[in-house]
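Look for chain A in each of the two complexes below; its partner is chain B in the first and chain C in the second.
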Partner chain A sequence: MNLFEYIRPTSVAEAIAAAGEPGSAYLGAGTNLLDLMKGGVTSPNRLIDLTHLPDLGKIEQLPDGSMRIGALVKNAALAHDTAFSKAYPAVAEALLSGASAQLRNAATVGGNLMQRTRCAYFADPASACNKREPGSGCDAIGGENRHHAILGWSESCIATHPSDFCVALTALDATIEIEGAGGRREVPITDFYLLPGDTPHEETVLEAGEIIVAIKLPANAAGFAGHQRYLKVRERTSYAFALVSAAAALEIENGTITEARLALGGVAMKPWRSAAAEAALAGLSPTREAFEKAAEAAFADARPSGENAYKIELGKRVVARALAMAAAGTPERMPALPASPFASDTGAIAHV
Partner chain B sequence: MGVEGIGAKVLRKEDRRFITGRGRYVDDMSVPGMKYAAFVRSPYAHAKINGLDTSAAEGMPGVIGILNGQQLQGDGIGNLICGWAVSSKDGTPMKMGAWPALASQTVRHVGQAVAIVVAETQAQARDAAEAVMVDYEELPVVTKAVEALKDGAPQLHPEAPGNLIFDWELGDRAATDEAFSKAAHVTRLHIHNNRLVPNPMEPRAALGHYDPAEDHYTCWTTSQNPHVARLVMSAFYNVAPEHKLRIIAPDVGGGFGSKIYIYPEEIVCLWASKRTGVPVKWTSDRSEAFLTDAHGRDHETDVEMALDADNKILALRVETVANLGAYMSLFSSATPTYLYATLLSGQYDIPAIHANVKAVYTNTVPVDAYRGAGRPEATYVVERTMETAARELGISPAEFRRKNFIRSFPHQTPVIMAYDAGDFDATLNAGMEAADVAGFDARREEARSRGKLRGLGMSCYIEACGIAPSKAVGSLGAGVGLWESAEVRVNPVGTIEILTGSHSHGQGHETTFSQLVAERFGLPVDNVQVIHGDTDKVQFGMGTYGSRSGAVGMSAIHKALDKVEAKAKKIAAHLLEADEGDIVIENGEVKVAGTDKKLGWHEVCLGAYTGHNLPDGMEPGLKEGAFYDPTNFTFPAGCYICEVEVDPETGTTQIIQFVAADDFGRVINPMIVDGQVHGGLAQGIGQALLEGTHYDDAGQLLTASYMDYAMPRAWDLPMFKVSTHETLCPGNPLGMKGCGEAGAIGSPPAVINAITDAIGNNELTMPATPEKVWKALSAVE
Partner chain C sequence: MNLSLTLTINGETREIVLDDPRVTLLDLLRERLGLTGAKKGCDRGQCGACTILVDGQRINSCLALAISYHGSSITTVEGLAQGGTLHPVQQAFIDHDGFQCGFCTPGQVMSAVGLIAEGQTGDDPERVREAMSGNICRCGAYMGITEAVIEARGKMSETKPEKAA
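Then we have the complex of A and B:
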């Protein structure tokens, strides 16, 4: 039996204080944490339920034009917020490509940032996993690792980060607002996640007891609104994690790309921003050749961590196509099947 | 036909309760004092049990009792049986290992039940089940049938050396060899028919209740055939005597075959109820369903087809290894033999066929009939081979099929079946027209201009339904007869109750069976109540599977209605002082033909029950029963055409169009038939594209949840274009053939034929995931 204490604080300060007890864990909607607890992957002795904290459920436009999303906003609510999805359509598309409708209705954006890898060895307490049990080894290396990392992995861990949402956030330079015992601070999402190195159990820069209170998207990200897409290739069209995904955003003036943004999902233990690909695109015309060049650049450092060399080739194709889709323009309406490769050509979908 | 008679699209009566959440399933049932069960299950695929320590669990909150296999055996509860005896070609009977409902010595698959815990709540039962300590000694494991046959493979049952259950053959080997020696061309193919998990929406459940006052047992269970469950549980498992055992299968949320079998859980719950003195309910969760519901398919087959210089088929040779899992489930022996090899002639005139089937034990969940049961496997073998041969010969797959169609009926195949009727050209023509096959080349070019690969695939299936003539199946080893029974009970006010041994678990029997009454007497379907699923109410029955409820179950109702009609006419003739032969019944009225003399239907019925004025010597009442035993199988057939578009950059396949042109004989309710076809196609396409069941080397089921086992979803399926073309079945009074399984039988080869056409590589196994398609594409690039 998994015995734990359940606490429902009424303020952030109270929550942070409650987390002083070692072995505490914050609970959002529980769409990931409860599964891990049931599977014996993690067994916190104190659950601090954040879902009743006040003031963390708002989507606000700030005076400087940026948008601030409270950590308790539900995935579905954010994706369907008209002002938000107009300004950041690729983020909405990424959100709607993740999980199932039921889960999106329950899951919070703060929790999404904190979800754990879907590496099967991490989820199986009988397997060795340096992330779950530091120093125990990594059974994914040499195991079933078709889905594993091709960028930024180490000999300690080859897992990937599962979020779609964070990939689009990364492309658009989101920042994360964090509150802890020492007050509030903001961290760019590109610095939020840690690569595994020798310490794969350390996943983010969060200090003990710190809480994500909000996510901010900068005002200038809206400049990409007309040309941004999220493309996710997976083994089935819904309720599956990405083999490779890409968030692509372009600023195009007079037929020339002035600025490009590209982030990749499913390839590393963090959403992978590719500065090299972005640099390769600046000043070019939005052509297939340019996108293929960017795709090569994005995966220049990629190497297989096992039976997953195919992901490098697949990733290049995904990047080229995501960029082509972004160049073609953000669709007027959210595609019926968000982020799907099926919908890429015409925007219309055969069966819907 | 009338507005609600045969051929009318009557809305399903039962849907009112289903879509308003008022269906009542086993888990909805409650009995005073009822407690909850959880099973202790083996985490190992193969292990010796050296001990069982329940002391910690017994002390846990709410625990009422923990029972194990030794106690079960001590109480004389029998091992699970296989109800169909199949012999090897050398004449030896099949070699069956013992399957106790609770294992006490050896476990042979992950999930096998070892003990039952009964507790006050479900959560307490589960917590205590986790605390039961079983001392397992791991044994070597084999999960693939081909591996299990090899020398030195781990051995499962001492009764079956080499893990071989039987080595069975059908057809004429010498004639087949002879034909091959004369062949101008031979097409060869290795075929893997992937193992599937049935996944009905409602997981299995059982509620066992022993009543000491009456010394009577009741078991609510998710069964497709409650009377068979009663027979087997009493005659073979000795849980309760048949006359003191009531089996109730209330609303059941889908079965697809997996709820035919009598599983350990219902036996143990009923037994545990007597042992503990409380009613015991168990409801499977989805994980348990993956680990314990009988799986389907799992064949490895080598097929060879011999052709003459004129592209006529000379012979077919088939070698199949069928994985039956760790134990022989109730009809597991029949599925890869008499339901499989007997259909290897397909729609074609094949002079010689020889099939050899080896059935093998492995450390996996038992395999048994699943929607189609043997016939999808046969169709996949035949139709993949037909398409491959046509490609090798460089001729049109449609014309190749047409060249070899059977056109005169009855037709005796070399593999037992005698096809009674059919028109294969008609369904092929209808399919090709609906699919616009003529315009395909242009569509392929258009897709190519977008960088996409289009393919077209066809499947002309035939299957055997209406299972089955009792004498015939008896001679082939079946332990039961496969007739059906019906009782038609006319009430004094003229409303009607139909008691049927068929069982509806999604098929819409309450509607279609009522339509027979509407057709016959012109009464509204709302005046008819269909009663099924309760052995205390329904006289007897063999249940629903093998698309038999129409051809067999409705034929029994038809016969009972004949008797009711005859008696009603006699009464009416007496009351109206007319000749019996002049009485007609229509629109709820009983009339003398050609006159204005008539009675209301209800007046005749009331007359039957008052008995005030009946013909001399006639018994009062209006209630008739019938047993119907079919004279032959029925043979639904059709043509399925699938058009796909493959994205070469990602390997994803999109089904652009799927056409089904079926011949089901007489259609009672076209809307329900369409629904059956849609559901079957979804399952068949699921098998072809998505559903893969994988064990690791230790025998752990890797695909044991919906995260890993891909069920088809709406997006994966196109809008189907379905049509039916009736050639009536001469073998039963309504001319019905059955429609429940065709979709799942005919569709997988159509999909794979289409994808292999698109990518130009015939080496592709199901499920054709994007990864496999990508690899197959890379291999030809």
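Then we have the complex of A and C:
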């Protein structure tokens, strides 16, 4: 790890001013940043510690019924907040399917949004990587790329975004509240992340020095509370990143789907909202055929970026299954294995 | 750069001046304060051997920058036993053979103490396993670990019913 200057601002304005200097990075809990610094992947020369800032640690219900989550709220605290998990159960399920209890206790929601890709070549400074070092090439192309993208990738970068939380937020139309030297602005999460194109080192719309202050979930997203799930297929039951995941939410009236929401994880460099799948579901009854039709629509544009064609078939099955789980209804209690395909509906022990 | 911090460690308040901002809580405890209970397995958040409690919550101390934790209260495995009496979780690990080589054990024990305080699992072995999944045991002592956590949780909720899940 490189040596750095440690700065502990006492206000958001002070933090933004400090981060204006080139080479600065914000420090949340550090569970991603310190990991990358230990590996020599990033080497900021100033760390601006956000964790002592006042007022960024609240979960509030706003007068219009929306919920505002301060950027420093811990992943675990949000998932276990009763009012929050009742209104947005798929977000809670997504959070609890990520990382481990220890990491969720430490990690901030702002840091979760900003975590970097898990592409192994990105993490290895000896490899060529356009994201880490613009113009150096991409060793994942033609390399070990079973975990890489099938949607929205480019010839410059085929990495995926690793967050589970963001996938559920994307399905439910979250917005990100950002503050910078020029004031505050709000960006829908669907516009927050950038696809790689020719500039894979540019990952979000955040300008230098800008800080995420909060995440907002609209009041109408709670209308899906009775029918929403997150499903995450991984290489082991727990404590692993998604191969493919899906957040599905349905509004069902008199046996007909009136509105559907679907977002995918593990498939692209951003959480992938599928308007085509949502449109395919509206007006249908919640049947297996409808869900399979939506799954086809969700992956109509998918293309393998290497040894990962399996992800397209897997993704379709994950979508159909997540929609069926959502249609069956949000379970009263968080499943023992959140977001797991191995969790049985009855709560019976499904693995040894 | 001011690199001084106050930490309460196992009940004792300490003023610490760091010589380097890069020091993690794990390295501070092990290399500078002589508390070698927390172990360094991976140093990257992937194994749980370094688990400690910060303000009662279990975290991985290897990915925690010490200077950032100014003002916190820390419990390590050294702080669990009361005089000559082991903590119920420590005793349960012995009673159920919850280890073999013992390298992961301080992390497992601290994680279990955190898990019981979180109160999310009840005595459901599936929930306990899921909530302990951040602690890897290379010896594969998982069966004994799960039994130990369930037993200790039961004993602790008998003595402190308000903490029951």
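In this section, the second predicted complex is superposed on the first by the 342 of 352 C-alpha atoms of A that agree within 3 Å, B and C clash if a C-alpha of one lies under 4 Å from a C-alpha of the other, contacts with A are read in each partner's own complex, and residues count from 1 in each chain.
The rule is simple: a residue touches a chain if its C-beta (ideal position, glycine included) is under 8 Å from a C-beta of that chain, and two chains touch if they have at least 3 such contacts.
Because the structure is predicted, anything quoted here is derived from the model rather than measured.
Of the two partner chains, chain C is the only one touched by A:Asn105; chain B is not. Of the two partners chain B and chain C, more residues of chain A are touched by C. In the superposition on chain A, A:Ser238 contacts both chain B and chain C.
In the superposition on chain A, A:Leu3 contacts chain C only, with no contact to chain B. Of the two partner chains placed around the shared chain by superposition, chain B and chain C are both touched by A:Leu337.
Look at A:Lys38: by the touch rule set out above, it reaches chain C but stays clear of chain B.
Looking at the shared chain after the overlay, A:Ala83 reaches neither chain B nor chain C.
Shared-chain residue A:Arg317: touches chain B; no touch with chain C. Residues common to the contacts of chain A with chain B and with chain C across the two structures: 1, 237-239, 337, 350-351. The residues of chain B lying in touch with chain A in their complex are 127, 130, 450, 647, 649-650, 652, 654, 656, 690, 706-707, 710, 713-719, 769-771, 774. Within the complex, the chain C residues that touch chain A are 1, 3, 20-22, 24, 43-45, 48, 51, 54, 57-60, 63-65, 67-68, 70, 111, 114-115, 118, 120, 124-127, 129-135. Contacts from chain A toward chain C in the complex involve residues 1, 3-6, 8, 27, 29-31, 34-35, 38-39, 47, 49, 51-52, 76, 80, 99-103, 105-106, 237-239, 336-338, 349-351.
On the chain A side of its complex with chain B, the touching residues are 1, 146, 233, 235-240, 310, 314, 317-318, 321, 337, 341-342, 345, 350-352.
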